[in-house]
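Structures given as structure tokens follow.
After this come two complexes, each holding subunit A, first together with subunit B and then together with subunit C.
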Partner chain A sequence: MKSDHHVILRVIGKCFIPLIVIYGFYVHFHGEVGAGGAFQAGVVLAVAIILHSLTFGLANTMRAVPPAFARTLAAIGVLIFVGMGFLTVVQGGLFLEYQALFAEPPGGHDGQHAGIIIVELGVLFAVAGAMTTIFYALAGRVAEIRDEDW
Partner chain B sequence: MRELFTADAGPALINIALLAILFVVAIAIARLRSLFAIVMLSGVYSLVSAAWYIAVDAVDVGYTEAAVGAGMSTAVLLGAMLLTARTAKPEKPLKKLGPFLICGATAVMLIYATVDLPGLGDPNAPANTGAGLTYLQVNWFDTGVPNVVTSVLATYRGFDTMGETVVVFVAGLAVAMLLGFGERSLAETLRTAKKRRGKGKEGEGS
Partner chain C sequence: MTLETVLTTAPAWAIAHAPVMLVAVPMLIAPLVAILPNGRLAWLITVATAAVAFYLAIVTLGLVQSSPTGILSYEIGRWPPPIGIEFRTDALNAMILLLVTGIGFLASVFSWPTISSELGNHNKLGMFFAAFLLCLAGLLGVASTGDAFNLFVFLEISSLATYVMVAMGAKRDRRALPAAFNYLIMGTLGASFYIMGIGFLYAATGTLNMADIADRLPALTDSRAVQVGFAFIIVGLGLKAAMWPLHQWLPNAYSYSPSFVTVFLSATATKVALYALIRFLFTIFQPDYTFELASFHWILAPLGIAAMLICSFQAVFQTDVRRTLAYSSVAQVGYMLLGISLATAPGVAAGLLHLFNHALMKGAMFMAIAGIVLTSQGTTIRDFAGLGRTAPWTMTAFAIAGLSLIGVPLTAGFMSKLQLGYALFAEGWWWAVLLVVFSSFLAVFYVGRILQAAFFQPPVNPRKTHKEAPLLILVPLWILALANIYFGIAADFPLGLAQDGAVAALGLEAFR
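And now, the complex of A and B:
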């Protein structure tokens, strides 16, 4: 890296990517009490990966987050969501009826909280994985952005 | 003239300013030919409209717009743009007439429709009296989740959300199957770049 004139971009990106990831998880786990939720958090996580690839090059990003991992993550997310639905059926409730999870009286809300968190985790995985896969599919087809294109 | 300086004047001015920015950006997008500038301006458009959603108290919508519209789709459009030419072909003046007429007619219809809309935050609006009110009353006893948006999304409308998740997954799958997963084409790109450059690792990743 002799002629690295994007060094400011790289340093700032390096500072920001962990913050963006933490913010994504904050939005996800805070979705119950504040604005936001798993869909937004998943996109924020994917955006952190995209920022990494924009500043460090796609090859480095694919080494850090392999495309196979991204698409597996998306599939696992959908499986978590659907599996949660069947788990409530096994526990004696309707499909996705979280109240039946712990067999608690109508006043209790533990099942609701656990169900929502797990289901949203599935959404988070699915959205982050699918968005990263889409980005890889599009960005993998072109060479690095040349300086003349900017 | 006196009504201009009431408590509502501040939010109204913010709304007008944000919508004016949106209008200017939209005109600029329509007139530009450079695709790179258009993609960047569409990101700006999403960001400004996200700010506007926040200004009219639609925090969740604004959040989604900022994350998906300004962040994600700008990056995806950038990737798609790099696959094509850098500038759009100029059109004949006569060909612009049709889209202009359609846009004008749609605008007239929309403005005509806004006359009947209830005011912002009107408690008697249909959205606030029907199912919305029921959710607000029932939610806390049913789920104990403070954010009604989340409980409607995950509990009351859990099946819908499952469908949305599957849709997102299928969209990713479809793009990957159409365009490839990116690995092979990237490897090819790297190989040709290496061949062109002659000697290997120098400058890779810069």
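And now, the complex of A and C:
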């Protein structure tokens, strides 16, 4: 790689990708007190991956974040969300009743707090995984018929 | 009654959480199945999940019937209803839930041979079964939620999964891809019309809970926003339910999707959209609002009649068996709409009974076709020549369901057309009865063409020996075929469900 004519793009990209990831997590964890939330955070995380593939090429990105990993991440996200609902039922509450998560004295809201954070984490995984999978599906698609054959 | 024994033996969690578990169990299992590498294991888990859902639907039905008010209300997250999301199950929901889970269970049992031959690549089957479970969860969610916006979310979950499943037919026939894309565009249009309607209702009433909207609407019937919202919702749900002339997505989607998907969709997807339509027409809006009465007389009844005549005609001229049945499905939706448009309890009950019976007969017919596709790979009527001799069990079940579709006495189809006739006569719509009979004669033609080819024509290629469909297909197929006969002779059970459902939808006292 002596004459890399993408060098500026790649260096700037390398600088930005960690910042984007940090910003994504900021949006996620700040979501409970300000604007933001897991969905937006998931999209921001996926944007970091998309930027990587734009600057370094799809093949490199697929090596760093394999499509199977993205798919599994999305599935695990859904699993966390619905599993949380089942956990509250097991703890004796109604479906997704976070208050029932821990045996708390009246007035305590630790269950609500923990429950929403975990569910949001599920949403984060699901959105980031699904967005990446959609991007891979669109970007990795090869034309089945050559243009001359039309 | 056996429902009581089910209730007494049911575990405590099932009693307490049945309405929500019905939706949550398939939704929990779907991502698990999606990451499974083994297709056969994914299938077994899917069958078990569908069985659990079926069991929970029976428990729900028992709970609804034994409840003093006839309504089960489940607060998600213990947020009380007008603010929180409520799962509200009454006799109407319970009937739809039972139908969808029952068909879902039988279809998932039968799915393995056809899916593994039509989709190939066993390692990717987990994703397919995940899509099926999500579709099931979405349909069940639509049929159990009491929140108008939540209904939209579940409608989209089921629809997105459906588009994926339809597109999977591309391995057998490339035309599945445009069919799926068409369905995607039309289905998204339907969903966005629905959500626009909900937007208008929300603007006018300030609430999304269905029961709460129903409480606040009587004071607002002159509001233009409410009327526009009503129009949007009818068009949106009509698109999803394949109301003529909004059915253009349906014939292609049914003809080119994998056989298993056709079985499941034909018996459930449009039915659930029709349920939502009934819920909006009778529970949320009241049939005595003037704009709604006008829409019954000038929109739903004429469109229903047009569907049953025009689509029956179109069915007669199709050369592909699956297309014939797809057009026939639109025609059957016409019968249901005609019953609903009477806006009387017997009319709605007749529509619901036909909805139930149509799921039985179309489920059986598409299952039989799936068996034929598996063994002989062809779905044109010419391909069916002589199959009555080479695959007698498959084709006999097909014939029974076909007779039921025509409405021959002693079959389920006869019972629902009889009820529809009674309801129409009670309102003095004798001309509509004549049209129903005429449309049934058209059914004689399009079913008769297939049966004639199968039983009275020699095989096209006598040396090519067709085999019978495998047992995994034959057993669910014959369960459905025998149900068509059983419910044609002893119709008390589905008729009771339909009448209770109509009463619950209209908010009346029992009229039985």
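The rule is short, and it goes like this: the second predicted complex is superposed on the first by the 136 of 150 C-alpha atoms of A that agree within 3 Å, B and C clash if a C-alpha of one lies under 4 Å from a C-alpha of the other, contacts with A are read in each partner's own complex, and residues count from 1 in each chain.
The rule is simple: a contact is a pair of C-beta atoms (placed from the backbone, for glycine too) under 8 Å apart; a residue touches a chain by one contact, two chains touch by 3 or more.
Note that the structure is a prediction, hence the values are computed from the model and not measured.
Student: Would you sort A:R71 into first (subunit B), second (subunit C), both or neither based on which partner it touches?
Tutor: A:R71: touches subunit B and subunit C.
Student: For A:L19, using the defined touch cut-off, is the partner it touches subunit B, subunit C, both, or neither? Pick first, second, both or neither.
Tutor: After superposition on chain A, A:L19 lies in contact with neither partner.
Student: I'd like to know which partner A:L9 touches here: subunit B for first, subunit C for second, both or neither.
Tutor: neither
Student: Between subunit B (first) and subunit C (second), which does A:A35 come into contact with in this model arrangement: first, second, both, or neither?
Tutor: first
Student: When the two structures are overlaid on chain A, which partner does A:A103 contact: first (subunit B), second (subunit C), both, or neither?
Tutor: The answer is neither, since A:A103 touches no partner chain.
Student: Please name the chain, subunit B or subunit C, that touches the greater number of residues in subunit A.
Tutor: On the superposition, B touches more of the residues of subunit A.
Student: Tell me the contact category for A:V89 with respect to subunit B and subunit C: first, second, both or neither.
Tutor: After superposing on A, A:V89 lies in contact with subunit C but is clear of subunit B.
Student: Would you tell me the residues on subunit A in contact with subunit B in one complex that are also in contact with subunit C in the other?
Tutor: On subunit A, the overlap between the subunit B and subunit C contacts is residues 71, 74-75, 77-78, 82, 85, 95-96, 98.
Student: Going by the contact rule set out above, which residues of subunit A touch subunit C in the complex?
Tutor: 71-72, 74-79, 82-83, 85-86, 89, 93-99
Student: Which of the residues in subunit B end up touching subunit A in this complex?
Tutor: 36, 59-60, 63-64, 67-68, 71-72, 75-76, 79-80, 82-83, 86, 142-147, 149-151, 153-155, 158-159, 161-162, 164-166, 168-169, 171-173, 175-176, 178-186, 189-190, 193, 202-206
Student: Which residues of subunit C touch subunit A in the complex?
Tutor: Result: residues 13, 17, 20-21, 24, 27-28, 30-32, 34-35, 74-78, 130 of subunit C touch subunit A.
Student: Under the stated contact criterion, what part of subunit A meets subunit B in this complex?
Tutor: 1-4, 6, 27, 31-37, 39-40, 43-44, 46-47, 50, 54, 56-60, 62, 67-68, 71, 74-75, 77-78, 81-82, 85, 95-96, 98, 109, 112-113, 115-116, 119-120, 122-123, 126-127, 129-131, 133-145, 149-150
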